[in-house]
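The next part holds the structures, each set out as structure tokens.
Heads up, the next two complexes both have chain A, just with different partners, chain B and then chain C.
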Partner chain A sequence: MTTTTVTANGLKKTIQSLRIPPVYFFMLAIFVLGVILDQIFARGQMLTPSILVNIIIRSVALGIVAIGQTVVMIGASIDLSVAYTISLTAVLSSFLMQGDPARVPMTVALVFLIGAVVGLVNGLIITKLKVNPFIATLGTGLVIKGALNATFSNFAGEVPASFQTLGYGTIGPVPISVIILVGVAVAGWFILSRTKFGAHLYGVGGNQEVARLSGLRTDRVIIVAHIICSLTAVLTGLFVVSRLRSGAPWIGPDGVYDLESIAATVVGGTALSGGRGGVAGTIAGVLIFGVLDTIFNQLGMDTFLKSVLRGAVIILAVASYTIRSKREAA
Partner chain B sequence: MTDEAQIAKTETVAGPQPVLEVRHITKRFPGVLALDDVSIQILPGEVHAVVGENGAGKSTLMKIMVGAYTPDQGTIWFQGEKISFAHPIQAQRAGLSIIYQEFNLLPERTVAQNIYLGREPARLGLVDTQQLNQQAADVLKELGAETFISPTAPLNTLSVAEQQMVEIAKAISFDSKVLIMDEPTAALTVTEVNILKDLVNRLKARGLAIVFISHRLIEVFDLADRITVLKDGRLVDTVQASTVRPSKIVHMMVGREIEHYFPPLATPEEIGPVVLRIKNAANKFLNDINLELRTGEIVGVAGLQGSGRTELAQALFGVNPFRTGEMELNGVQVPIRSPGQAIRKGMGFVTEDRKAEGILPNQPVNDNIMLTVRSMQALLTRVLRNGTRRDPHLVPALAKKVDVRVSSFGRELQYLSGGNQQKVVLAKWLASGAKVFIFDEPTRGIDVEAKASIHEMIRDLTRQGAAVLMISSELPEIIGMSDRIVVMWDGTIIGELPAGSKESEIMLMATGQVAVAEDSQHESAAPVEAREEKA
Partner chain C sequence: MAQATTTSPTREETVLTRLWGWIRRIPPIFPVLIVIFLAVGYLNPNFLTTPGALAFLRRAAPLAILAIGQLFVIASGGLDLSVGSLVTFVVIGSALLIDNDPNKAMPAILIMLGIGVLVGLINGIAVAYFKIPSLIATLGMLLMLKGAGLYWTGGAPRGYLTDNFRFFGRGFIENFPLVERFPVPVLILLAVGIAAYVIFHMTNLGRSILAVGDNPTASRLSGIHVRKVRIIAFILSSVFAIIAGIMVGGFGGVTIIAGDGLELQAISAAVLGGAVLLGGRGSVPNVIAGALTLEALFNLLNLLGLPKPLRDAVQGLIIIGAVAYTALAARRRK
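Here is the complex of A and B:
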């Protein structure tokens, strides 16, 4: 009996030393539950490779922008304009490319530049004009939305077939989209945990006064974080338009990328108040949404019920963290 | 002493040159002269304690030293050069570090990341984590803390004392010449204080000058080589710790006249039966609390910051309720577990931090006054602007009673003076029909005239049969108002004194000197001596 407790403790310690964000256990639990439900009530296909890959592919668009959202939220900021930045990118890309592969490089460069400007403006409004990030990014989002709606009323132009490789192509057996998501996740992890910028971002988000007293240029950190976030939104926009072939002004808001990226980040354990969290958790948060959607589809569940359950899962996940951290504090 | 004379003195004295020196510093805040012509020299390798009552100007002086405040007059000299720091980080880089009572650390980050925040060893923008942890380990080793603090431990896994060591490590890593600590022992247990003492001696041996503010005279005498006493923003004296007795320091801290008029104390006939009785009560912050409160009396609660005064008020009012012990209100046992319960039982709590806990600054006067009444009303009761259905003119009547002068009750409270705001807070509790009042620092930040009228009002409450527990860090207020004085120290009520006790008697108790007085003959004479000097 003693040996079993020892090994249990040892296992516990190993898991703790790996520092796996707790959200992964949550994700695993949901997945196992899904498999069981699927076996009982549906066709029992949850464990087939095609469905597993599909879970990841449908997580790519949200995953990329959620990583950007994680960056700003660690800095105790938030970005509500990402959905419109995604629309803007998608519409401009298909409109400018007009199915011509030769225009792709120029267009991609231009949309990334525009994305950087959006992030810069967000950052400047928040740091220099001292507008609350929620309001500031809501404002820039509405400005982009208005400008788009005034210019485009429907799908505009199309991307060349070669560009669609981004969304549908594979390298060997691995979908390119998955490679992109992994690449962005690794880049995000690297920036947050290996660069000076990352260290400073955690400082600014954790306690702005501490950061200031340590001589950090807090404004600059926040601005860079917002530029990174907007660039991930651009990348999501490019990915979405490559899947859809053409962009329309409503695709960003329709995908609810703003609120879902925030929700995935929070479910992944990043604090809304900043200073805590990371990319690994966010990826799990995004995958939880992917797993849920797949379960719902397999079970042929009603759309409204889906929404109710998604909401419930978000609340459940976040509540479990607060209760846990309260217990740790006590 | 003139500037030239002082320079001449430092030059002629054979001893070491001061590493840090402030000369003739004056600092004025709106309505307060925080520092008035203060000069201090800090010598290398010395431990220098700065003591004084709350509001004596200690913290202001520290903040001026490190550039967090700019003095109105006077100069600061550091290592023989005149300096003026625009930002605390400049002072830190120059070798002048400060550790505030509130730590400036990030709980979610590791020890090493905290120590080197903003100065991470990096190549091409990439943090060299190995180097970072190595450097942090080296600094911790210098402090002798390497065995129990790991550079990679997240800060929130450390105890308060360990976190303080991380702060000290951070200061050392800047190659500090002077380390300033604000109340370093306030949050530490006895064993932790001993570890800190060892650390201070170790740093001192390295030639570091340490300046610390403390309220605990025992520790001051344990640690300090020299002691500077401040009083009402003025320098009383700087003395060698080995040449003075604690009672002398206490006398230097409090020796002032009471210049303010207070209403007469309660006559014996006015004092009635016990309304509130606490027996052997304790919670996380307090232990062994025994207290009785009678109608018609004001009991003053004296004690230094961190002695548990505010915690006592919060426990009584159910904010952080007592966990064990008995609480009786009007002879009936009542466990008060929440402020709502306390209000219903007829208690009122005028909080210390008026802005954060007492008022709704951007709500009108009438809503502020009605707050407690409405909290007791049923949810769907009709809300009248100036009263309840039973008493439609409650607000004007109360405003008249507490003498709030305001053009309209619809005016937002933030536009009223501090004194008037405090009167509105009082009206709020009168509206709820409270019979037991707790005042925590009732006159902080209020001008002299309004002070007098608030004191008059508090006395009026007891004349009408209320019982008042008044917490204050201003001893003249405690002495002027209280029919009895209880003194708190280290989370408990350490003793009780009758009305009209001397400041020095209260201070001796409040600094934990009573314990010393009991076991050492010459100390027990201290209050007597102080009284004689005063007379």
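Here is the complex of A and C:
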């Protein structure tokens, strides 16, 4: 009797010492529920490796950009322009590469440069012109959308077959896309918790006035955060176009990467008000979406019903920990 | 004589400074609206005639009503992303409920208004009691309404809206004084605008909404029921979205994209009208002016022959510019 309580306590302590974000338990619960539902109502394939890998591959595109979104949101900012940055990257990549492997390095460099400029402009509008980040990035998103739709109306060009290894290739048994997601996640974790910039970002997000008074260059921190976020959107764009082979102006907004990356980040425990959160939670938030999609597909659920349940899960997941908070929500 | 020469310039000065102070207090959205409106009128003289202006107001009415609803939520410190999908829901839902039977138009409208109250209540409870950030709560609601509407209709618009329903969106009142035909949507906008003005600027509720948006903790300590105020703001926004949806359905007919993007347009209009996104500020006439400006801008870009995509780009630039101007002006005043 006593031994069981001791081991239970020990287990509890170990789990606490790992500091796993609570959202992982939520994800696990959804997954277990999915497996049970799948066993009863469908073919019971949830635990096969191909489906498990598929969950992760589906999560890569959203996951990369959600990590960038996490960075800006920790800084109490937000980026609604990512969906159009993804479209811009995808279209420009396939248009400029024209199936020629020799053009890949130049094109990739160019789209990352454009991404950095988008992030810089977002950051400058927010910090120097003092425009609310929601409105600023909504505006820049509209500008990119307009420019893109005025120039391209359909799929343009194609990426070379070699470039598609990014989306479909494997190293040993591990898909390259998964390696990229893990790489971005580790880089994001490192930047946020092991660098001076990361520490400053939490400070600026927690209380910009205090951060400024204690000598931080708050504007610069926010600008760098936005550049990082736009660069992750570019990487997502490259990944998406490598899977689709050709980019079209609507693939970003069709994937709802703007609102879904925000939702995944908040579901993962990063506060919209800034100063709290991290990459680990966001990955769980993204995986929850991936697991849900897979469950819905396994059960052959109606597309529209999927949307209803998705909305409900977002609300419930966020409610599960905001309800205990003493802070007022806005 | 000498006395007169010394006093008259100073008096003139005070009149001038007073006039200047008065001019400076005009919200910048009104000069912007006038300039854009005149530019449209220059390109299309028909625009400046009474019927032309009324036709413009009729087109702008749903957006203006959505923007007023958004103002209540923004002033209380939140955002409501669910209004666009609520408009779509009203349009396709009403068509299904009415299904070409004019007798069902009124019950359908009442049912929709009831749904509006319910949606606002859920949004409000999610934010006030579950403390979910409004951006996320109303995003979840957006997804649910979109899915529910399409699930209900099977993915394609079905049913028909009868003429007595569409009257609210495209009807006219004949033999109206001064003008022969007065569009019904403009009348609805006037009614909603006046009601909103009274609620927002002349009642305790309006002051409470502003106080909650400015500082929820101070409001609670001074005895305001913060949660109730928040919930009411969301209910007002949803009910106004239902009214706008009825007008959109009447004007444009039944499509499953009727409300697409309207939530962001409404937020843009409210922000153009000077409602601060973090709450605590705003005014109904300014927000209506913001909505009219946005609609006039769409007209202008159309008349200039810009392809539709470029209109998005210009809209984006104008929104950023207007908000940047307001922010910089506010800083200068401090």
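List of remarks:
Methods note: the second predicted complex is superposed on the first by the 317 of 330 C-alpha atoms of A that agree within 3 Å, B and C clash if a C-alpha of one lies under 4 Å from a C-alpha of the other, contacts with A are read in each partner's own complex, and residues count from 1 in each chain.
FYI, contacts are C-beta pairs under 8 Å (C-beta built on N, C-alpha and C of every residue); 3 or more make two chains touch, one makes a residue touch a chain.
Note that the structure is predicted; figures quoted are calculated from it, not measured.
Of the two partners chain B and chain C, it is C that touches the larger number of chain A residues. When the shared chain is aligned, no partner comes close enough to touch A:G183: not chain B, not chain C. Shared-chain residue A:P101: touches no atom of chain B or chain C.
Contacts of A:H200 after superposition: chain B is touched, whereas chain C is not reached. Looking at the shared chain after the overlay, A:I125 reaches chain C, while chain B stays out of its contact range.
Of the two partner chains, chain C is the only one that A:V318 touches; chain B does not reach it.
In the superposition on chain A, no chain A position is in contact with chain B in one complex as well as with chain C in the other.
Residues 125, 129-132, 134-136, 138-150, 259, 262-263, 266, 272-273, 302-312, 314-315, 318-319, 322-323, 325, 327-330 of chain A touch chain C in their complex.
In the complex of the two chains, the chain A residues touching chain B come out as 194-200, 202-203, 206-207, 209-211, 213-216, 275-276. Residues 87-89, 92-93, 104-109, 113, 117-120, 122, 125-127, 129 of chain B are the ones touching chain A in the complex. Residues of chain C that touch chain A in their complex: 77-79, 126-137, 139-151, 155, 216-217, 226, 264, 267-268, 271, 277-279, 307-317, 319-320, 323-324, 327-328, 331.
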